[in-house]
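All chains are identified by letter, namely A, B, C and D, in their written order; residue positions are counted from 1 within each chain.
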Amino acid sequence: MKTTIKEETDVKLESPILIEGLPGLGMVGRIAVRYIVKQLNAQQLGLLYSPYFPYYVVVNKKGRVRLLRGEFHYWRNQGGSDLILFTGDSQAQTVEGQYEIAEAILDFAKKQKASAIITLGGYRKEAGESPKVVATASDESILRKAIEADALPSPPGNPIVGTAGLLVGMARFQKLPALCLLGETRGYLPDPKAAKSLLIVLQKMLGIPLSLDDIEKEIEKSDGILERMQAIEARRETYTKKMRKGEEDKTTYIS
Amino acid sequence: MKTTIKEETDVKLESPILIEGLPGLGMVGRIAVRYIVKQLNAQQLGLLYSPYFPYYVVVNKKGRVRLLRGEFHYWRNQGGSDLILFTGDSQAQTVEGQYEIAEAILDFAKKQKASAIITLGGYRKEAGESPKVVATASDESILRKAIEADALPSPPGNPIVGTAGLLVGMARFQKLPALCLLGETRGYLPDPKAAKSLLIVLQKMLGIPLSLDDIEKEIEKSDGILERMQAIEARRETYTKKMRKGEEDKTTYIS
Amino acid sequence: MKTTIKEETDVKLESPILIEGLPGLGMVGRIAVRYIVKQLNAQQLGLLYSPYFPYYVVVNKKGRVRLLRGEFHYWRNQGGSDLILFTGDSQAQTVEGQYEIAEAILDFAKKQKASAIITLGGYRKEAGESPKVVATASDESILRKAIEADALPSPPGNPIVGTAGLLVGMARFQKLPALCLLGETRGYLPDPKAAKSLLIVLQKMLGIPLSLDDIEKEIEKSDGILERMQAIEARRETYTKKMRKGEEDKTTYIS
Amino acid sequence: MKTTIKEETDVKLESPILIEGLPGLGMVGRIAVRYIVKQLNAQQLGLLYSPYFPYYVVVNKKGRVRLLRGEFHYWRNQGGSDLILFTGDSQAQTVEGQYEIAEAILDFAKKQKASAIITLGGYRKEAGESPKVVATASDESILRKAIEADALPSPPGNPIVGTAGLLVGMARFQKLPALCLLGETRGYLPDPKAAKSLLIVLQKMLGIPLSLDDIEKEIEKSDGILERMQAIEARRETYTKKMRKGEEDKTTYIS
């Protein structure tokens, strides 16, 4: 088995922009791409299978089995470029697999006459209420558009690991302009807040009609989880301190 | 060396069902397939060799050496579908190897004009006297047949690791319906009781004339081993407690 | 780079027997093959290079660099079958590499019209003055010859790891009879005594005129090393006991 | 994706000598090659990409992303052989990758009609003010030239790991003379002093007009870093001793 893409339709798109977001730091890229697919009601375009994904299958709600895979959806944009949206279950499991999957995505983008690539991911940082978005690119002009949409230029020296990085690095072989947007995240938990920051930049850049109401609900839910975890942690610390104090007290009595 | 299947006969089978069970959790799948091969006196059909099996050979009772391998047997069913039975010494050792071996098995199934795939394995759970069997499938109709034969639908989200999972996930590429049956097992030791549960479901589904007397004997033997191990463990604990009590007693005398 | 064999001469051999011994347990196989090459003044036949050998080079006595490799030598036998002798610097470093190198050796054996394969290695056991040799084979007739030359049949279930095992397991694909001889060794140190046991069996089987005087000298040297190591170990133990006794004495005085 | 070299110009060179220095012990080879490129103002010749490099990309000063890669530069030498200079971001990440990249470099050298290969690296040793340079080679005549330029013959048995070793070992397949020069280094930190020793030997061997003023500055800087690190370490030790003494003092008062 080779890495292969099974096309599910022969729709013809108008110089689409391919947006990628696979699982990674804070699941930021994946959350953002899945959100766009759902909000725009994007249609399935193709499935990517690879022997470099982990060797297990998952069972869905109907008791049906499926391989781990990547999914391409498309959305026809009346007011601008069409979109191809790519996400999936997993990153590749080996060095060569990482390069092979990135190459397969770019070949597919070329075949679909894509005009640009945008990859999404997370950037480790203690982020506040509105996490920033940093941008890097294969060329000046696409980077400028991201900056105009309020992304910040990435500091140099910063390595970008996995498919989000390799796609931008390899895009030049297909003569495609490519941009990488990374949302600041602590990265411990799935982070819809960082994903929202990416969505705001994408909205501005691409003029896509994206409501952010639903992601606000996800953020509330995830803040709730975080608060409960912090409360548990705080209680644990108080308890530990009390215990220690108790020990010290005892020690005092005894000695 | 590539993964290859050496055919040992050119028998023509009638839309056979391929049943797979490789070593895995509790050795459940392998025990079940080997049991069917023996009970039905199934004949050798072919051997699968792969550079993804571990790099050692085994010595048999006659002092003869053989590579690790997979084995296909066949059985002509007067009252229904013929069977192809696949088991082997080992799972593949790398990610790509797992996909390559699953693909080779499916190619062979297609060549033999198989009508369906059934994979067998274990499912980790504290299981009682009659361990349950959970089922997942590539399509609705084969799943329904398993449910009618008293398998339970698998809960969603459950990953199925290795060849038993990949075969069902990849069967769609060959347009073959595929079913995975997993017997509940604690998974510590080879578990013939879980294998028996699978055999009962298979009997009902496929109408194969399978006596279960011999597996009852294996279960008794394995229960005997388990009891002895538990007795040893209990003695060890009693002894440890006694020792500790002794220490405490001493401590009491001394202090 | 693929695994390749560079032939150094176009000599035509008469149904040669290929004897293999790579580094492994106690270095037994490698010591034996190198000894035969030296004693018979065997000539270079070819070199095997592979990307599955470790990725470093070694510097020889003249300050010259060479890749890790396998070496084929040949010896013309007036009174019987010619010999091809194979040894090398290393085993392959990956699962697939192990199979690929074994396959390359067998292809080369076939090309040289080899009549049989004999692989040599070590077998972990506390061995006495004359370590035994156990034999396993791909077929009955070659195994019988080894037994007649005082090898013992191997117990079943015994895994044979690496090239010595795979060559015998894969020899059937080339329709070559193949034998594996394993000398008993503790395996901690290079073990010329176990290698000598292999040489005695080979002498009887193949009627090759092999003096064993030089290997006796190697055995003496290696016994000397072993004795010195055991003396150091014994002193260390005596010292440790004395120290502990001291502690106990102190404990006695104090309590 | 395969390991590939993208040529950036179709310049024709006169029997160039290829000098390689990738990251390794003390970064010695890479520092030396980068220094030569800068000093001679060498021009870009080609870029090597490989799926065996790590799977991340780096961001440069302009916020632009690029894949990890190897870089070939060339320099036209009026008074002698032209040079091809090769360095890069990383060594290959797998065994086979190491061999594949070395082979790609040699194929490219052959295509450029190279007359020799010189590889540079570090050699672990407590080195003094002028670290020595040891030399090994694929043949006598190129080794002699290095010795005449004050390199020392390498002691035998010394393994040379990675591309610097494999290129010399594999050069014979292309019938290219090849030399490996290793500068003594402690290897903990990037070591421009060891790199300078290599540059002095190369200057003598190849007659290239190389000023060493700038590397002197790098050495001063790196000596400064080392001194500061040693000072920190010394303070830490003093502090630790004081603390311990304090504890002992306390213990004295209390007991």
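By our rule, a contact is a pair of C-beta atoms (placed from the backbone, for glycine too) under 8 Å apart; a residue touches a chain by one contact, two chains touch by 3 or more.
Everything quoted here is computed from the prediction, not taken from an experiment.
K.L.:
Can you list every chain that touches subunit A and also touches subunit B?
P.N.:
Per touch definition, common to subunit A and subunit B: zero chains.
K.L.:
List every chain that touches both subunit B and subunit C.
P.N.:
Touches both subunit B and subunit C: nothing.
K.L.:
Which is it for copies subunit C and subunit D: same residues on both faces, with over half shared, or different residues?
P.N.:
different
K.L.:
At what distance in angstrom does the C-alpha mean of subunit D lie from that of subunit B?
P.N.:
So the centroids are 53 Å from each other.
K.L.:
Taking each chain's centre as the mean of its CA atoms, how far is subunit A from subunit D in angstrom?
P.N.:
37
K.L.:
Out of subunit D, which residues touch more than one other chain, so two or more?
P.N.:
Counting only residues that touch two or more other chains, subunit D contributes none.
K.L.:
Per the contact definition, I'd like the list of subunit A residues that touch subunit B in the complex.
P.N.:
1, 51-67, 93-94, 97
K.L.:
In the complex formed with subunit C, which residues of subunit D make contact?
P.N.:
Residue positions touching the partner: 92, 95-96, 98-100, 102-103, 135-140, 143, 153-162, 165-166, 168-170, 178, 180.
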